[in-house]
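As written, the chain order gives the labels A, B, C and D, with residue 1 at the start of each chain.
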Amino acid sequence: MFTVRVQNEAFNIGEEIGAFCAANSSSGGIVTFVGQMRDFRGPDWDSGTAVVAMTLEHYPGMAERQLSDLTAEAQRRWPLDAVLVIHRFGKLTPGDPIVLVAVASAHRESAFDACRFLMDWLKTQAPFWKKENTPTGATWVQASASDHAKVSRWKP
Amino acid sequence: MFTVRVQNEAFNIGEEIGAFCAANSSSGGIVTFVGQMRDFRGPDWDSGTAVVAMTLEHYPGMAERQLSDLTAEAQRRWPLDAVLVIHRFGKLTPGDPIVLVAVASAHRESAFDACRFLMDWLKTQAPFWKKENTPTGATWVQASASDHAKVSRWKP
Amino acid sequence: MTVLYFAWVKEKVGLSQETVAPPPEVTTVSKLIDWLADRSAGHKAAFANRKLIKSAVDQVHVDHGGRVDSATEVAFFPPVTGG
Amino acid sequence: MTVLYFAWVKEKVGLSQETVAPPPEVTTVSKLIDWLADRSAGHKAAFANRKLIKSAVDQVHVDHGGRVDSATEVAFFPPVTGG
């Protein structure tokens, strides 16, 4: 099953991954990526700035469509049994999961490759924008140049 | 925290991954691999042979030591916040999780690389042996040549 | 044509969306930016450095050379930062 | 010296472990295999094709050229299939 969910509600990582594994118990390997909201910005907590909350803006319609297109592309490239993508929008607090990508395949290589492909593309293509609230005000997060470099390895 | 568990008892994937993510909520990215016991042997279910149960034999002492050494090597190679490795032994039934590797890092690249490194090495180095019970008898699983090829990419 | 703005582009323009009817010579994203920039001081500020602005036509990423003649929805936003 | 056997090596030998005292000229894994193979028909069958057999000395993987002079624990097993 190939599922994309773009949602305001928080989700429970353990429940989602547990259910995904149970639903795909015949798949040899399951790889998941979880991105969580960090409570700091910068190289590490000590030298960084505290982030007390985050607002994730998204482009309704296009967000779902982009993630579905990426999932379909992953299916074309690798033999996959199932994919689950969940992405939050709205207000988040530190520790909240932002994104979950889970991939099931008979082959662990394919599961690793497809999960990484989905994350690399999601980071540069999916229309979401993070605004961080720090003690000194709210600022839009800058896009990462290295994220754009990473995606180039997946060019067909 | 860097934890290795080699255990006879079944474990709950969702609970383990949920607790790992909660304990590492400041890590930007968490990558997990779950290997589950398949109910068939062969390329797919239709052309394969049913597997009704499995016994995982292990080398007590060396299994824990190998997995701890691999985890330490991953720590040397990548900036990791935490690693959890759980590997079952004993009698398993289809759908049971066999292995879980979870890696937390500030950098998703490092988390992906380290998780894959651990799985590739675990498959060729950790002293576990699978015996499958099929309707026609019990047989030891053959080692995969491709698993040995995969590990060569991690040579220092 | 519906034009959508997101993130700081939205904040500078001061609108999340608007319905516009550009003249027929506005055939590309680039020309649409030229045309929109004249609508208000907010628009001008948002599009001041157009290299920072990404665009989508009918929910598909396109560069500024992309056609907008038959578009029903055009969106402008900074590089994405999800995940 | 304790010798351990796993998986089908154990089944062929018919033992999971045994304590042995090989003579001083048994300095390598390869020589230990030669020496063990003579202990029983089961041992001979297990070590018939030694290319199939992996070894560990004191819980560290070594090839058949590895030293066993000062080993306290030597293990023989097929290629691992965990994970």
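Everything that follows uses one rule, which is that a contact is a pair of C-beta atoms (placed from the backbone, for glycine too) under 8 Å apart; a residue touches a chain by one contact, two chains touch by 3 or more.
Since the model is a prediction, treat every value here as computed from it, not as a measurement.
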item	value
Identity of the chain that, by mean CA position, is farthest from chain B	C
For chain A paired with chain C, centre-to-centre distance based on mean C-alpha positions, whole Å	26
Chain centre separation (chain A, chain D; CA means) in Å	48
Inter-chain centre distance, chain A versus chain B - centres from mean C-alpha coordinates, in Å	23
Per-residue multi-chain contacts in chain D, two or more chains	none
Residues of chain A engaged with two or more neighbouring chains	35, 119
Topology of the chain contact graph, where touching chains are joined (line, ring, star, complete, other)	line
Touching pairs - complete list by chain label	A-B, A-C, B-D
Residue ranges of chain A touching chain C (in the complex, touch as defined)	35, 56-59, 61-62, 65-66, 87, 98-99, 119, 122-131, 140-144
Footprint of chain A on chain C - complex, ascending	4, 6-8, 56, 59, 61, 75, 77-83
Touch list for chain B against partner chain A, complex	12-19, 21-22, 25-36, 38-40, 44-45, 94-95, 97, 106, 108-109, 111-112, 115-116, 119, 150
